[in-house]
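Across the two complexes that follow, subunit A remains constant while its partner is subunit B and subsequently subunit C.
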Partner chain A sequence: MAHTRDADAAVAALFSAHRLHLVRLALLLVDDRETAEDVVQDAFAALHRRWGSIAEPAAAVGYLRTSVVNGSRSVLRRRRTARAYTWPDIDRQPGDGADAGVLVTEEHREVLRALRTLPSRQREVIVLRYWADLPEAQISAMLGISVGAVKSSASRGRDALAAILGGAR
Partner chain B sequence: MNSVDDRIRAALHAAVDGLQEQDLRPADPPTGFADRRRPVRWIAPLLAAAAVVVAAAVTVAITSSPSAHGPGPAGNPSSGRSAPSSGSVTSTPAPPLGGDEPLWPFATLGEADHWKNVDAANGHSPWHADAKATALFFAQNYLQFHDITKVTSTDIRGARADIGVGYDLPSGAPHTASVIHLVLFGDDSGPWEVTGASAEGFSITQPAYGKRVSSPMTVAGRITGSDESITVAVRTIDGSVDTLDPLPAGGDNAPWSRTVAFSEHGVLTMVASTGGHLTAHERFAVVGVEADG
Partner chain C sequence: MTDPELERRLGAAFDAAARASVSDAASPPPARFALEPAGRRRGRWLAPLAAAAAVVAVGASMLALRGGNDKPVPAAGAASVRIQLATAGNQTYGVGMPVVAYFSRRFTSARTLTAATSVTVNGSAAQAAWYFERSANRPGYPVEGHLRLDGFWPARSRVQISVASRDLPAGPGLRFADDVQLSFVTGPAVVAVVDDRTHRMSVTRDGKPIASYPVALGADETPTSRGIKVIMQKDASVCLRGPGFHECGVKYAQQLTYSGEYLHAAPWNLTNIKIGRDTSNGCTNLLPADAAALYKLLTVGDVVEYPDAGGPPMRLASGYGDWNIAWAVWQRGGLIPTT
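And now, the complex of A and B:
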């Protein structure tokens, strides 16, 4: 069917162009690579199924990003309800590998550990603002919350991190 | 220079920017013919034919029961499943469940869509639209935990729901044995699908939710309690089940572990339950995994 062929080709192109970036985003939200890859794969599967309702290809990246954030939140929700969930070792983050281009220092780990203590919404906003460099309006649209809520989440998240990091000094 | 902002930004980039394509597991983009969650469904037509017979009988029982709050209908483990009346199981790609596994009552989005577009329009199995009824029927009819008799809590937020199920203690106070997690399958007008369950002080930590597994598999977790008796079962949506004998356990957040062998593949429902003081299933947890064929 033409629709299926169109969707296959378009989603394949997006997969090639954006999979790595989306896995990085998911990794910042769920902390382990396998889960991050699963979340991203699910996002692409959802995009493929709904390709016919995507208004324009340019909107697909936003759809994917939102799907990844929502999928990651679902993972975190399950972990919270699993009382004895063991968080992945922060020292084994992918950027810490011997062949990694960026060195993860103890200070970075300190920040990442503090990030894990934030509520999901604050963590998402912090990641989207500080790592993805998205404007508040775009974060607002992605998360389905007001710009004011984005600002307050960012402010509270940053303050909480500052307090934790300051206390760790 | 704002040190906090810079530290946050630097840490986030350092954490993931070293990740490269070659670090990722090989994966293909989804296509119209791909179904990652259910790689092998060769048995589906046979099961679907059988399910039609079961569903025809069970639909009568289900539709005649209270829609939400009363005890679920009597029936076999797979009695709540809605099979397409055409007798075929579709191969619709896995639905957008946000990373959750579709455990019960629908195996595929095609089945859920069939209920929404055909069965619901004909007044069949209206309980699929009721998160509380779906949660209770999951425990009573799919898991066969007949000592679970009531809904104890309700938390519905848009397309997601957490429904507590349990029973009344001798004192009359309700006891929550587990909180069933559900998601609307497909879209906001879709039926409720069970994706997992969690219990206070009793968990499955291995295998991780949604992981690919193979037999034999170690199932492990944590438990808080004394004189507990843990039973582990592996279920498929079609009713196949492998069960281990009860394991004595107890302690304060104490680890427990079992090894289970199974022959099924596709999406599996891992169920761990504990009890023996008042009832057989005082607490239970459920995770979904994917077994290689």
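And now, the complex of A and C:
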């Protein structure tokens, strides 16, 4: 089955190139590493199943990113009744390893705690805009909402965050 | 708070949280995507497909892994210590390139590992030694080991490394689960020295001076670390982010530490580079044309020395900090005794 072998190699290459970024994206949208890894694995599994209908790698990356955002939202929805959104990882200090450049400071935690209080649509837009650096048009296509809705979600999310964080400055 | 300021805080906080939770150096887990039934988590996957996928993933991420994660370790009653080689094989490296491996648990003796390690340079046996430190560079692998000779590798040579450690004891109740094989060649001996007093970088190749450039190093609050570093990675363009800064499209970036010290072009900082004022976040700022020339000149594994920079001393696992440890100390093995 030539198609299967092509899909394996192509998806494996994408997995290697984009997994890390996608896990981090998922981690900002859900609340723990394990769930984030699962969401990303599911996105790759779905891509593998649909490989035949995806024309080029550039499109595949967008497909993966959209799958991760949608997958993260489904996880949160499924869980909403069970427990609130928490972020265990941000309170954990890295050990005495060398990676001092990624120390999560109190200021970072404050921003992340504020992010948690946003409705999920605003949180998605804020993360995609200011962490993933995606243009508004692309976020609009990914989330299936208009560019205007992206702008207004970003603006409302920013205002809410500024209101929470501004007081501390 | 202005919008740009808020956006900068958001970007820095998100990035710090994401990077602290999922390290850059993390090795990919086995790919589980292949033909995994929808909705089933951590289920069975078709081993041959996933193994093929894992090989591609591992190769592309510069890991040379032997004895993949999916091979069963013979049950022997001893807990297994997995070994992951982080140095890619069949490359041309600078003479300062260490061989880096990660170990899946804190083991207690490296005597058998040392005995099982053979290193040849151009076919002749060479005396190499392992040195270990605790490390947070790769999740699930708390120990980092580096293998090197007394001095830099001989220039323009073929290096072959074989570690037949599989099933050997790693201390009471422990055994190694993997062998390691690696071969690479070295290029010319290229060494750059950065003088923080004259604010110049001088480059020699095989002992002869070939270039000299003005530089600006880290500001007093964010000083450049001191000691001998090695080029770890080269990127024609990167995003550099950290508390209070976020620059994308930074050109001719050559990485020196995991924390993010780079050599790079700093077109926004021309005056300070020319007059020699240290203003960076720890990076070595170069004039754009110099950074481009240096990018062509240096290879992964080339040596960059900072004998008088103002920051903390370079440690082994800060990057490729190997050459800051005296050979007599190195031979004892550091965290885990080798003799």
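Note that the second predicted complex is superposed on the first by the 150 of 169 C-alpha atoms of A that agree within 3 Å, B and C clash if a C-alpha of one lies under 4 Å from a C-alpha of the other, contacts with A are read in each partner's own complex, and residues count from 1 in each chain.
Assume a contact is a pair of C-beta atoms (placed from the backbone, for glycine too) under 8 Å apart; a residue touches a chain by one contact, two chains touch by 3 or more.
Values in this document were obtained by computation on a predicted structure and should not be read as measured data.
Overlay on subunit A: subunit B and subunit C clash in the combined arrangement. Applying the stated contact rule after C-alpha superposition, one finds that A:Ala17 touches subunit C and leaves subunit B untouched. Judged by the touch definition given at the top, the superposed model places A:Ser74 against subunit B, while subunit C stays out of reach. Of the two partner chains placed by the overlay, only subunit B lies in contact with A:Arg50; subunit C stays clear of it. Contacts of A:Ala60 after superposition: neither subunit B nor subunit C is touched. Within the superposed three-chain model, A:Leu161 lies in touch with subunit B and with subunit C [touch as defined at top]. Of the two partner chains placed by the overlay, neither subunit B nor subunit C lies in contact with A:Leu134. By the touch criterion stated above, A:Met142 is placed in contact with neither subunit B nor subunit C. Once both structures are laid onto chain A, the subunit B stretch out of 6-14, 42-50 or 150-158 that overlaps subunit C is 6-14. Counting contacts as defined above, subunit A residues 4, 8, 11-12, 15-16, 19-20, 23-25, 27-28, 33, 37-38, 41-42, 44-46, 48-49, 94-97, 99-105, 107-112, 115, 126-127, 130-131, 158, 161-162, 165 meet subunit B in one complex and subunit C in the other.
Residue ranges on subunit C touching subunit A, taken from their complex, read 1, 3, 6-7, 9-24, 26, 28-29, 31-36, 38-39, 41-42, 49, 52-54, 56-58, 60-61, 134-137, 242-243, 248, 257-260, 315, 317-319.
Against subunit C, the residues of subunit A that register as touching in their complex are 4, 8-9, 11-13, 15-17, 19-20, 23-25, 27-28, 33, 36-38, 41-42, 44-49, 87, 89-90, 92, 94-105, 107-112, 115, 126-127, 130-131, 133, 158, 161-162, 165-166, 169. Listing the residues of subunit A that touch subunit B in their complex gives 1, 4-5, 7-8, 11-12, 14-16, 19-20, 23-25, 27-28, 33-35, 37-39, 41-46, 48-50, 67, 70-75, 78, 81-86, 93-97, 99-105, 107-112, 115, 126-127, 130-131, 158, 161-162, 165.
Contacts from subunit B toward subunit A in the complex involve residues 4-5, 7-21, 23-25, 27, 29-32, 34, 36, 92-100, 109, 179, 181, 196, 198, 200-205, 208-211, 221-222, 224, 253, 285.
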